[in-house]
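Note that chain A is present in both complexes that follow, paired respectively with chain B and with chain C.
After this line comes the complex of A and B, so read on.
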């Protein structure tokens, strides 16, 4: 019997996806997880918005950062037929969204297919008040001087 | 616009902070895997940078890492392609054969002749695949990958936006999983080794 239990567990099929409703901020997952630009509090919200645009345009996948700290990698965003690399989500970078979608888990990661954005709260995480622009070079000097 | 890509390149090239400077978020959902919404991949027939026909099956029986991009990309490819090269080397050191592949989104620039030298320069060991625009579009569709022209740079080269996940495929071209290119190389090697172990 001691050997049977693990075998039974192995025989179980992968669980099905589940429908979820989440509220989260659309984040730049490269800077958030790599730590290259600073701590996690400084690379979200308005302080990091410009950099998030660069990264998103460059193909970095976006994630949804929920209030409990969980990150949901966005596999597809509503209205996008393809798995996204971030470049199709420039319009919601740093926005806090209420979404309805399907949650999947793979290799220790949360993935979400966003079927509906039920509310777009815009950029409400005013981190620039504490951090300014992170990183500063995200806004070139000649542009910042305007 | 070149300035924009210079900023992006600086962001992607920035060195990570040393340990302890900031609390580091982790990507770890301690819950069992669930089925993905769809399978990725399927039958395709392209040409590698040696001029050989290449299908979804690996002739050496290796696992495959598949990425869509281009050899001269200044954005995410400069991160993902070297990572794939490093992953293949690390996995080979563990006795796990892996073939890292980049399927071009720009067949006008990435030709049989041009891909090899470009890849050798910054991502040794990668196999470049190219083909007709139609064949490449059909292959992207199999993986649900977009490739949209963004703009033409001052040198006349079209810059594309494209999906950036690394697809892990078995030797026959069957989908195993996908990897966001924001994971550490070590974690991605660990995940692929897990699939290699069955």
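After this line comes the complex of A and C, so read on.
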């Protein structure tokens, strides 16, 4: 028995994994989880797109927000592991994507390695119609004069 | 004999973690967030992609990948989303020099399971083993060094980084502030101000 336990532990994968196909919006996880800018509905989609660009370029992790409210922390996007401010994540900020990849769970968070983006629906969540822009200073005032 | 011991060890681990008061000794400043709790603890800095999948890179990705903290007290994986700066900046630049090292961190833990926020963290300061506390405010310094000539849309070389970042400017120039195209931006901006 004593020898079986180490063998069983060695036989475990690094972490349980599962192949998934899901649809989700690429979100800025800090604003979404913290509520620093407002409620969850206001920090997604077009209303929050400029802030999502800032946060993605600033190295805040992006997540995929599925229609059921589950958030998947992105560890690779279309095979690109440059998740600290990388171009791949920046280009799809606020986009709704259909993806195929591997799902991992640990300590209450979902993590996803996106192997393939099977469809990019662009930005379809027109939240600016309800919220304007979040934060309010996302668009500089001098844009009005241009 | 081994079976009762094994079970006892399994049962004892979560109890030990629950008993740990991670707020003790914290000097974290509040951000007045709904689910924030001060949290100071020691942890190993590592790459979650490597930790979860075995896809490892030298030096935890040398600043290119997201990083996590494996808390010593309970082996929990904590995801630092944010550094100290109120400037839309993450935590990787702060932690990357300490790949696979055990450091002490102080900041705010967020736990709001209703929206999926579990074990996510804002790091305000950190202390390497044998070193002194340092603020987690490296990000904007790194950006300034990498972008010495970045200008705002009006040509000014001053102001916050996110107004001057060339990649952000390029995205906005192509798709607008709403990301829906310049033809949508125009009427919206006219109405917004």
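Heads up, the rule we're going with is that the second predicted complex is superposed on the first by the 120 of 146 C-alpha atoms of A that agree within 3 Å, B and C clash if a C-alpha of one lies under 4 Å from a C-alpha of the other, contacts with A are read in each partner's own complex, and residues count from 1 in each chain.
We take it that contacts are C-beta pairs under 8 Å (C-beta built on N, C-alpha and C of every residue); 3 or more make two chains touch, one makes a residue touch a chain.
Predicted model, so just to flag it, every value in this text is computed and none were measured.
With chain A as the common reference, chain B cannot sit beside chain C without a clash.
By the touch criterion defined above, A:117 reaches neither chain B nor chain C. Contacts of A:49 after superposition on the shared chain: chain C is touched, whereas chain B is not. By the touch criterion defined above, A:104 lies against chain B and chain C together after alignment on the C-alpha atoms of chain A. Residue contacts after overlaying the shared chain place A:20 against neither chain B nor chain C. By the touch criterion stated above, A:37 is placed in contact with chain B alone, chain C being left untouched.
Of the two partner chains, chain B and chain C are each touched by A:29. Looking at the shared chain after the overlay, A:58 reaches both chain B and chain C.
Judged by the document's definition of touching, chain A residues 14-15, 17, 29-30, 32-36, 40, 51, 54-55, 57-61, 69-71, 73, 75-76, 81-87, 102, 104, 106-111, 113, 138, 140 lie at the interface with chain B and also at the interface with chain C. Within the complex, the chain A residues that touch chain B are 14-18, 29-40, 51, 54-55, 57-61, 69-71, 73, 75-76, 80-88, 102-111, 113, 135, 137-138, 140.
Those residues of chain C that touch chain A in the complex are listed here as 2-3, 6, 31, 33-36, 48-49, 51-55, 57, 61, 63-66, 76-79, 81-82, 87-93, 110, 112-113, 115-120, 122, 139, 153-154, 161-163, 165, 167-168, 171-172, 177-180, 188-190, 192-193. Residues 1-2, 5, 14-15, 17, 29-30, 32-36, 40, 46-47, 49-51, 53-55, 57-61, 69-71, 73, 75-76, 81-87, 90-91, 93-94, 102, 104, 106-111, 113, 123, 126, 128, 132-133, 138-144 of chain A touch chain C in their complex. Against chain A, the residues of chain B that register as touching in their complex are 3-5, 7-8, 10-12, 14-17, 21-25, 27-37, 40, 69, 75-76, 79, 143-146, 148, 150, 161-165, 177-183, 191, 194.
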